[in-house]
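Shown next, in structure tokens, is the structure this report addresses.
Letters A, B, C, D, E and F name the chains as they come in the text, with residue numbers starting at 1 for each one.
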Amino acid sequence: MKTKEFYSMPEKTNENSLLASAQASLDKAARMLNLDPNIYAMLKTNERTLTVSLPVEMDDGHVEVFTGYRVQHTTARGPGKGGIRYHPAVTQEEVAALAQLMTWKCSLVNVPFSGAKGGVSVNPRQLSENELRRLTRRYTYAISPIIGPKTDIPAPDMNTDEKTMTWITDTYSMIKGESSGEIVTGKPVSLGGSVGRINATGLGVAIAAEQALLRNGCELNKCTAVVQGFGNVGTWSARHIADRGLKIVGISDISGGYYNPKGLNVDEMVTYVKQSDTRSLEGYSAPGVESINNEELLSLPCDVLVPAAMENQIRSDNANK
Amino acid sequence: MKTKEFYSMPEKTNENSLLASAQASLDKAARMLNLDPNIYAMLKTNERTLTVSLPVEMDDGHVEVFTGYRVQHTTARGPGKGGIRYHPAVTQEEVAALAQLMTWKCSLVNVPFSGAKGGVSVNPRQLSENELRRLTRRYTYAISPIIGPKTDIPAPDMNTDEKTMTWITDTYSMIKGESSGEIVTGKPVSLGGSVGRINATGLGVAIAAEQALLRNGCELNKCTAVVQGFGNVGTWSARHIADRGLKIVGISDISGGYYNPKGLNVDEMVTYVKQSDTRSLEGYSAPGVESINNEELLSLPCDVLVPAAMENQIRSDNANK
Amino acid sequence: MKTKEFYSMPEKTNENSLLASAQASLDKAARMLNLDPNIYAMLKTNERTLTVSLPVEMDDGHVEVFTGYRVQHTTARGPGKGGIRYHPAVTQEEVAALAQLMTWKCSLVNVPFSGAKGGVSVNPRQLSENELRRLTRRYTYAISPIIGPKTDIPAPDMNTDEKTMTWITDTYSMIKGESSGEIVTGKPVSLGGSVGRINATGLGVAIAAEQALLRNGCELNKCTAVVQGFGNVGTWSARHIADRGLKIVGISDISGGYYNPKGLNVDEMVTYVKQSDTRSLEGYSAPGVESINNEELLSLPCDVLVPAAMENQIRSDNANK
Amino acid sequence: MKTKEFYSMPEKTNENSLLASAQASLDKAARMLNLDPNIYAMLKTNERTLTVSLPVEMDDGHVEVFTGYRVQHTTARGPGKGGIRYHPAVTQEEVAALAQLMTWKCSLVNVPFSGAKGGVSVNPRQLSENELRRLTRRYTYAISPIIGPKTDIPAPDMNTDEKTMTWITDTYSMIKGESSGEIVTGKPVSLGGSVGRINATGLGVAIAAEQALLRNGCELNKCTAVVQGFGNVGTWSARHIADRGLKIVGISDISGGYYNPKGLNVDEMVTYVKQSDTRSLEGYSAPGVESINNEELLSLPCDVLVPAAMENQIRSDNANK
Amino acid sequence: MKTKEFYSMPEKTNENSLLASAQASLDKAARMLNLDPNIYAMLKTNERTLTVSLPVEMDDGHVEVFTGYRVQHTTARGPGKGGIRYHPAVTQEEVAALAQLMTWKCSLVNVPFSGAKGGVSVNPRQLSENELRRLTRRYTYAISPIIGPKTDIPAPDMNTDEKTMTWITDTYSMIKGESSGEIVTGKPVSLGGSVGRINATGLGVAIAAEQALLRNGCELNKCTAVVQGFGNVGTWSARHIADRGLKIVGISDISGGYYNPKGLNVDEMVTYVKQSDTRSLEGYSAPGVESINNEELLSLPCDVLVPAAMENQIRSDNANK
Amino acid sequence: MKTKEFYSMPEKTNENSLLASAQASLDKAARMLNLDPNIYAMLKTNERTLTVSLPVEMDDGHVEVFTGYRVQHTTARGPGKGGIRYHPAVTQEEVAALAQLMTWKCSLVNVPFSGAKGGVSVNPRQLSENELRRLTRRYTYAISPIIGPKTDIPAPDMNTDEKTMTWITDTYSMIKGESSGEIVTGKPVSLGGSVGRINATGLGVAIAAEQALLRNGCELNKCTAVVQGFGNVGTWSARHIADRGLKIVGISDISGGYYNPKGLNVDEMVTYVKQSDTRSLEGYSAPGVESINNEELLSLPCDVLVPAAMENQIRSDNANK
């Protein structure tokens, strides 16, 4: 199906390497721009990569040592900007790739920030809240020499949220001895965070999809959408797309895919997840809803496919399905 | 030959991995000490690893981007301490291994410093002095957030020397806006460096060899020595060992090995290198001196073998020769 | 009269203790909110209390040592915020109580500041302007380690004004070596102060009174008001209340009370004070104006009673009069 | 011609001394204001004058040492503000005079800044771009202890521009270790500079001339103007004045004066300069355009004379012509 | 007994007030020195008193809020110097008194430090080691704006020791981002502490006692001593006094007094305490040892009485016994 | 007389210009050393010259504005080092010359400092102690951005002494918020100053004179000396020279010269000055002592002439007398 390609990423040979993909995009752009080789040489590397080991006292008293990263791709456009990801698959290479992508994102919307990214290799579902708090405070301390309101400003990303940003703010403020709310974006509104931040990404996805369809002459209420992933981005994308009149025919999360050609009830599914022990759609059922697997979901006929899970889900081997 | 083993490192399977070797040493020591698992977990990782990209304007005007590292193994014993190496084979892993080894070195001689190490992946022989200066100043700027007299204090290592330390001192002093000679050791004596620093490592090697031989009941003037490598450590080791009465029967450097069972003239060879265009022993000849290759050199019969080239020259596959 | 109670503070047994009163309010609120005991434990103490001794060279050359305070109740909501009071009755306990009240004030109007307060135990009427300047500069120096634009921001309070804030700004700027106008609010407009700041408190009192009366179905031009205190807050409250049509029947200051059931001429009284040597209403008389004492004033029949003198004037023993 | 005097400076005896002129203006103002002698004593001196020597490696490898200045007239109104001039005639005295004038300028338009100025005694036309860059970076480093976003904020002036400001920003940001775009005004818009900054001075000149003529009852399209100097200020003044309907009858630059009583084509002349090797009007000719010298230009009959070259062009000896 | 008075403090009326006692000493000294009243006015107050509330997460998860203090009597002689005491009886007044006494102590031995003192009102025997660690880290954070190697340097005092100093050093070093061992004295020798620090106070007591006796013509091995208190100071005083030949006839601690006219075995008693669950002499018995109470102990006939418990044990009401 | 030339400075044409003299010395040395022109270009300028205006409140309440200087010749050898001079003849040029001379002085004795110097153009005899204190504190504040223990360390010079250094230390310490005794040398011993500092210069003069005479084969007790100037350097030079057996035949100060071919009584003359109202030798007489003027004094026959007044007293026009 053709419309899927609107949001797909460029082909690459090694489907596991986000960095290779990012580099390939840069190469392609550099060729098209006839970019100064000196500038190109600087853009294809990351200016600063900090890797830290994070000893954390676990609830049972033993010390677990995690590995964390903070990468700044460049400082040319202003302070670094980019989220912090907690995920077992986080590696130095992945964080490096994401930092580069942040430079292009900031440039596209012309905000005075440079690309940066952080992450900790950890499965946050296996840690208690107190352990997560201690991990976050230690990580903040460890990267504190290279972050700052005028240096590099973290934000939430996969598995980090307002609470994580509050812990970072508090730790950084204690180190600096002053109230430093400007060290992160994505704080709670009550602590100075921006109104509308939580659903911003999903809203952006919906607006982009809406514009793409309209420019292709589609009628929104005759279109269908499939959303892969049902975390923050996925749920808000689904809601805002549904608000625009599209029928959401497929949604997936860690528990599998859910398909209803007559349209899924997004609000009901959001409520289901909130009340679920597993914080997932596991066990969700409703009249007309059929369980499918992730591969089937990605191949569903639809006008809009929203890849809101991890990066690199749409690849050369499945892009044309 | 048995005496070679005095200075050899423990066996390991992958001869290219200094890090694996360092980790194996730690593991062995931890088992012997019955070390607290929490302490062990912290010691087996590096607290902070900073990787930086270093754009340098070359003499012909184009920009070359090098990669540099600074690794701090721990901060438990005081500020970090460790040299900066310029070598094409420098990698993040190698620097990490060397940083760990510095912790053990500082602990053994009980100075209040923790282990650290730095390096740049560059072949300094291919750069002009001006290019080396610009590279060093950029590297210093790039790692400046994590070094400091009370944080981490660099020193010379392979292919870096007093001049490099002067450039680092000047760059760091300009960033801080004050005279900061204490940012490095290994400065020129005229800028506050320590007297005797240049030959200190070689002198230490000679003293250790002397003591080992004496404790084994050897007569020094009946002993022979082979020195692999003829840089700062190799030349001074050879000189101080010869001063103690031993016969230096073999010396090697990048140009190959030189063997004279009646004893080489160390001072003459030092002078030869100084006057040579290649800054090596290439083309050196003298009565009784025979050219051999590096493998032959390492297998020469001798009472003392000084491995003063790169790390990991004596391995399980050649240790018993 | 019932309407007095709109502005009265809660009953307490020890009429001299503002701190006890503040604590009682917190206790009551905590019970109503079923507040987390851990949060309550933190809120009932002051995070930081700095007491400083202030040697000041007096005009005759001898040194007088005053005692100053700066209290930060919490830093949870952002930088501390609160005035600096010069009064002989200032004590550590009083400043502590006022700091706590500032937290509730900042929270009620939802500005991102936490409660703080400062004070010096001094009778400013006994000091020359030069002595006051030297006292203020010394006090600023003494508390400078814990104040700052992102830490704690002073403001005028009883017996301090724009001039005091200018001295604080200049002293703080000299210590920091940079223009730091943001260290205080309440600066002169010409130095970056906010327009409308001087009459802001009085205007707020008038608006609150107006709204309370209107919500109780009163006609403003049939209502009467009594204003206790005729400093910055009292004069502007009286003016703005009179502007809204109410009749000001009683006003008091340090010289006693002035009563006119047909309404006092507020502007005339303001002018009188400005031209008076004692900077008070002492000696003021006008047709129909009767002298009364403070107790009589507080018992005057009226619809609005503005307690614009010191805290704790309306207590369990006189609240019902 | 009378209208020339609108923009002329006060008479003074020594035509070479801008400082004497500035001091005379202050004296005159002080007398009219009956200024407090203590304030006057402070205003007639410069608070801080920093003179630095600037060793710069030239393209041929030798070191040239230039002299630079940064003068802060006062800090009373906020951070210093003033341009940086590159010109062979720059002296400590001239920079001092210009710093004082900046205080009056900032005060007149009531922005919270104090007067400052900087300069380097250098003929920038004799330096390559790389040499200018190295000079600017060294100058920035040398004055960095006394400039800053809250201390003193440079800007472009004669022979410095957006590129110079970018070098200053980058150098200052590297010293501070953070993105410090606020260290200068006059940056490129893409790095956070203000839109409209480039033509702001010329636009101001045109608006002032327009208002002066209108208030004197003139019809704009019957008026003539002469512009001395054709750099940034001169070209934009000429353009904006021409836009208002005036006829530009004379323009001069380093190559001499150009006169056309029927009006010069400003846009054509701007284009000519851009394409010229000498970056001047040298060799410019057009029908009706007559070459004159600078003295003749200053004596041309006109309603508006714009002195947009160096200071002190209109003096007691030529003001009445 | 006369010799007791060597170490007694001056008479005062309120036996509970150490501050009154300290002030009385100052008054007396000032009268004797005919001290400049301006200096006296400054010396009789404490320059800076910081009171902090310390929320600590207890092992059971609830938050306990403790109160801590740091007082700097003066900064005239150099950085502040003084211990940190953990005791339930710690008050702002007591810490203030101890800070003043530190000024006199530093002056007497002419070290370039001024008097300071700190304390937390807590019974450390009721806290686990983890709770004590969290308390100490929070206390260090809270006082960090006013301590520092060049500002004020803490040390151990009652109930704080090498471990406490290590926690303070680590917390302060993390806040500052550098190894700051110089923030405290009394660190473990392995972290840079001074050799001989642990028994220094006791050794000083023994030397002072020895000198006092010798100057009074006593023979040491015919003298007897009584030691009140058996903590760090008491045990080392007893040991060093016994080493000098005196007979220790009485020792007391929290469990009561122990009397043996033939001499107590100090080493045996030290060992007993180390192995005791209560870390006291409770239950100690030996041939010839008699249990007495504290009052009896203070009235024992002896040549030397060492008051090594809390301050103010020897008062006007018991000094002559 | 020949021996005078030991201490004389090189010839120069303009006897008023110390800077020309210093530059000439550098030129001569550079020629002799065949100095690298790039190094020479840097050494012949002063790296940093700060000129500050110093508003001071005089005892009668009016503000006097003084001009102060701090010049750093270079930073190549370490922090700047040089005295602060209070004298009406102080100019930017003179301070610049003295700063250069300090570089050579520090180099000659091989201490790790660079040359610097400061001064205020003021006649300190016309100021009260309070006015001097306020001047010194303002001067310290004004130069504080460029001085520091690792940047530039002032010391006493003409008309400044231990008291001045104490004021500087206190002002600098207050700005930095910490005890910064290392900001100056020449403090009182009680505040950490060096023992022997007061008479160090004079002692050095005496030792140098002694060695010069001995190397010329003279017998010390047959030699005579003349001392021009009787301030700190002059009195201590005279004392230490007399201690070595020489006869002091001439001494001068502001009041004129005193000559006794049989030798002057130095101690008596020192005592005379201390007890004199004019703090000079004015009115001094003793048997055999003859009054002469300064020119006569400089022409007295002697073996050693000590020029301990201002610089440039021995010139081409009087050197041979």
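A few remarks follow.
Just so it is clear, a residue touches a chain if its C-beta (ideal position, glycine included) is under 8 Å from a C-beta of that chain, and two chains touch if they have at least 3 such contacts.
Everything quoted here is computed from the prediction, not taken from an experiment.
Both chain B and chain E are touched by A, F. In terms of C-beta pairs in contact, the better-connected of the chain pairs E-F and C-E is C-E. Distance between chain A and chain F, defined via averaged C-alpha coordinates, is recorded as 69 Å.
Averaging Cα coordinates per chain places chain A and chain B 44 Å apart. Each chain gets one centre point, the mean of its Cα atoms, and the points for chain A and chain E are 57 Å apart. Within chain E, the positions touching two or more other chains are listed as 145, 177. Interchain contacts give a graph that is no line, ring or star and is not complete, per the touch definition above.
Across the whole structure, chains are in contact as follows: A-B, A-C, A-D, A-E, B-D, B-E, B-F, C-D, C-E, C-F, D-F, E-F. For chain D in complex with chain B, the touching residues are 141, 144-145, 174-175, 177.
Per the touch definition, chain F reaches chain B in the complex via residues 75, 78-79, 112, 148, 150-151.
By the touch criterion stated above, chain F contacts chain E in their complex at residues 173, 177-181, 191-192.
Residues of chain F touching chain D in their complex: 37-38, 41-42, 44-53, 55, 62-65, 67, 142, 145-146.
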